[in-house]
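In the two assemblies presented below, chain A is common to both, partnered first by chain B and then by chain C.
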Partner chain A sequence: METNVQHQPNQSVSEDRSMKYVLSFVWMLLLTGASFAIVTMHLVPENMVIPALLILAMLQVLLQFFTFMHLDFKKSRLTAVFTFSGIAIGFICAIALWLIS
Partner chain B sequence: MSSAELHHHAQTSAPLPPHPEKATLEGRNKILGIWLLIGAETVLFACLFGTYLALRGSNMNGPTTEELFQIPMVAAATLILLTSSLTSVLGVVGMHQNNVKKVQLWFGITVLLGAAFLGLEIYEFIEYVHEGHTFTGSAFGSAFYTLIGTHGSHVLFGITWISSLMIQVARRGLTLETTPKLFVASLYWHFVDVVWVFIFTVVYLMGKVG
Partner chain C sequence: MTTIIVLLVFAMFLGGIFTGGYTSRYVKRMEESSIWGWITTVDHKRIGILYLISGGFFFAVGGLEALLIRIQLMFPNAKFLVGDEYNQILSMHGTTMIFLVAMPLLFALMNAVVPLQIGARDVAFPFLNALGFWMYFAGALLLNISWLFGGAPDAGWTSYASLALPDYSPGPGVNYYVLGLQISGIGTLMSGINFLVTIINMRAPGMSYLRLPMFTWATFVTSALILFAFPPLTAGLFMMMFDRLFGSNFFSVTGGGNVIIWEHIFWIFGHPEVYILVLPAFGVFSDVLSNFSKKRIFGYHSMVFALVLIGFLGFMVWLHHMFTVGLGDVANSVFAIATMAISVPTGIKVFNWLFTMWGGRLRFTTAMLYASGFIVTFVMGGVTGIMLAVPPADFQFHDSYFVVAHFHYVILGGTVFGILAGVYYWWPKMFGSLLNEKLGKWNFWTFFLGMHLTFFPQHFLGLFGMPRRVFTWSPGYRLELGNYLSTIGAFLMLIGVIFMVINVLLTLTKGAPAESDPWDGRTLEWTISSPPPEYNFAQLPLVRGVDAWWLEKMEGNEKMTPSEPLGAIHMPNASHLPFVMAVGLFISGFGFVFQTSEVGAIGLIVVIATLFIRSFQEDHGHHIEPLELSEKGVNH
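And now, the complex of A and B:
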């Protein structure tokens, strides 16, 4: 059977993937650590704190989407379009509600 | 693939294809379905975030965000949930290696970490209520508990879902039927972690800087 032949190489590919996941986890930890450090240690000027926090959060979310959630623009374009439409509409909703006050 | 074929597959425990979660049409549809759900849930949470941002200053002489939030507790909750995101993806790696033990180990750790996170959140809510921050006390309280509580209920749903899938895997093993379910549950779990990334940023950290 074909699948039998593919079994061995598949296993080594998965091993490599684990390392990739652990590496992106380390990056997520660093980004999270940076966010907490900015707030507790006052590392950046006061008016830059909130933009810096939001950028770090966006980076971490993109990392989650493209590594942990296996999102791939080439292989699953439809999925990516749906997801980013949801994010775009969500962003508009959040900003609109915020500005009401 | 027909259900008779699937059944045959499960019984003979033939080796799974490299990506068993995408090998059947049902599996592929489930993955597209969870992404649609994630898109919709994003809008739900965005509305709750917007409401919270609009109302967080209306604390009616109750405690403010700066008085209330404890950075160490938030850091611990963040670390727990972030680690559980990693363990669930390692569970999927185990699934791709057709290794039931690895799947059960990593998803089991994911469930335990999820439960620890919920425990911490309940403790946090009890603390806040003692400090006078209640759901009905102010608009800030209502918006805060609705946002964090909705996220917490997603965590609760996730640990219930993953635990029941672990029972199913223990009974049926890794088949073309169970693998898409595990994959979809892990995507949902990552999404719950993504929402937390915004919660710790927008609610807790931005609450500390004012």
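And now, the complex of A and C:
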């Protein structure tokens, strides 16, 4: 069953929420555009390109987590469990790759 | 581009001729036809059947490829399939069997059973479920259409970089691999998320996590693995796609790329993938063994713990596929130890299965035969796995037929036996009739013996030095007998599959209707009619312990205690959008395979348009009223 099982959801709340999705989607597009701009238009010094890209990527990940993956609802412990085990697995893989290469 | 438009117009003409013209009644007639019903369905039971049919079809394709491989390797210096033809058949056999056979058939069982086992009326996102299926099917078709247009992928199922880059694979073959897997992989990711949400949110009242049936637990852990393992594949395939289509240099050494990165990314996905394949089979066996031993599964908590631990450790061992790359003794030792650690939870599970059978009232139905055959076969595959986990030994075994024998023992003996056991066990629930047990036993014994005859000699072929992936071998190295027996075994397996097909056809045409609980089952799916009504449960059941249905039976109850009064049931609406979106992705993928950006863009526009329509569609579903329930003969 899909999310709209409640038949009369509070109209203003649901509109607020969908506005939030649209807004963070726009922000993600802007961040992606900014990453492209940094690489193609030489906006920052050569040695700062990768750190700048990483910072933009981090911002985008946080945006993802808090709007689309509902980390802000603070309702379900499982959401946090899954998010953090995902981060942990990614972290371990990254460390291992860094150590062996 | 023009060719495609001509083909489209031609198809529309033919469609018009065969359906009686595009009149005003055309749309109505189309909506009433049963094919339209199957295309637009969002019912998890019907999607399960769609997965079963398409997985079965590709099983035939992949099996045919396997037979061709074995025919070529039957005698030394054979000229049946030489060089590139062999490479294509071999690559497609691996890719097809893993991504287009094993995974969809497991999804077939999950779709058919998991919502019933947790006492739910559907999955959490029925629309996504349909979309996942159609995307898998679009990707699968795209991969296999390569046989007709431009040649199939020929860089192996792992598609290692440098070999898979344009310098060495100039044709469109690997493009098909990249785009086909990309599309079907995203579908798989969706289905995985869907099952996670379903199991977390839609359990019936009283169905706590530690009362879930083992198959549901296995599905849960598998879906978590899919969630974490498929994004690396998606990322890797995108990099490969950009390297091949748009001239980037992620993996190309001449442009400063690194070929080893592809191996890392592929196996960071690929190792969890083999657990994605085998964990649902573990779940099937746990349910089948406990049912036909008439006992609760031995050590339920340790079984759950072992599943989760295997799932976690599955991410920590990918390097054991790369021992010979030369990453150093420390890296090899660490990953060797991690790999051996997985044998501990797996051992827990094997002993628990044996203790479940110990002292039970055993009934050797076909499903039970597959389950017992699995224990033997899988332990043999596991032992060779431990041998391969030892780096010094692996330097000898690497890229030899020993590895081929090992992974066929675990994948055939684990996943395929699991799927077959599950199909025999849940067939009545999916189709409402029982498969013939006599033919089933013929099917089991020919398939089981054929499997061992095919792959047991391959251990020795590997030890005698026969390399994998090579299309021929020379006489005089003691390889003759092994290869001969192996091919005979492959044909024995073919006979087994033919028994299965006959059995299915006989059952579909003349099968007697099955009762709701033909196996004297223990879990919730056996409390409702076979096949279940569209809404599964007229009233959601109240679950009071592990093996909920068995508990009620032991207390002399005829049915589950309902947990809610009879009321209107909310159901999702059927939708054609998933199919349209998959068609769009297929067109787009086909365009990008031939680097025709216009066609690719047209497909993507279709996808985005469907996304847009779906995003702003007010689709609240419909209700089935209690009055209609009683008309449909529900006796609650």
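By our rule, the second predicted complex is superposed on the first by the 85 of 101 C-alpha atoms of A that agree within 3 Å, B and C clash if a C-alpha of one lies under 4 Å from a C-alpha of the other, contacts with A are read in each partner's own complex, and residues count from 1 in each chain.
Here, contacts are C-beta pairs under 8 Å (C-beta built on N, C-alpha and C of every residue); 3 or more make two chains touch, one makes a residue touch a chain.
These numbers come from a predicted model, not from an experiment.
In the superposition on chain A, contact of A:I89 is made with both chain B and chain C. Set side by side, chain B and chain C differ in how many residues of chain A they touch, and the one touching more is B.
Looking at the shared chain after the overlay, A:L78 reaches both chain B and chain C. Once the two complexes are laid over each other on the shared chain, residue contacts for A:A37 go to neither chain B nor chain C. When both complexes are overlaid on chain A, the residue A:A57 reaches chain B alone and has no touch with chain C. Applying the stated contact rule after C-alpha superposition, one finds that A:M48 touches neither chain B nor chain C. Contacts of A:R17 after superposition: chain B is touched, whereas chain C is not reached.
In the superposed model, A:L97 lies in contact with both chain B and chain C.
Once both structures are placed on chain A, chain A residues 1, 4, 7, 78, 82, 85-86, 89, 93, 96-97, 99-101 are touched by chain B and, in the other complex, by chain C. Taken in their complex, chain A has these residues touching chain C: 1-2, 4-5, 7, 76, 78, 82, 85-86, 89, 92-93, 96-97, 99-101. The touching residues of chain C, counted against chain A in their complex, run 121-122, 124-127, 196, 200, 202, 224, 227-228, 260, 264, 268, 312, 315-316, 319, 327-328, 331, 570, 572, 619-621. Against chain B, the residues of chain A that register as touching in their complex are 1, 3-4, 6-7, 10-11, 13-14, 17-18, 21-22, 25, 28-29, 32, 35-36, 38-40, 46, 49-50, 53-54, 56-57, 60-61, 64-65, 67-69, 78-79, 82-83, 85-87, 89-91, 93-101.
By the touch rule above, chain B contacts chain A in their complex via residues 14-18, 31-32, 35-36, 38-43, 45-47, 49-51, 53-55, 57, 71, 75, 78-79, 82-83, 85-86, 89-90, 93, 96-98, 187, 190-191, 193-194, 197-198, 200-202, 205-206, 208-209.
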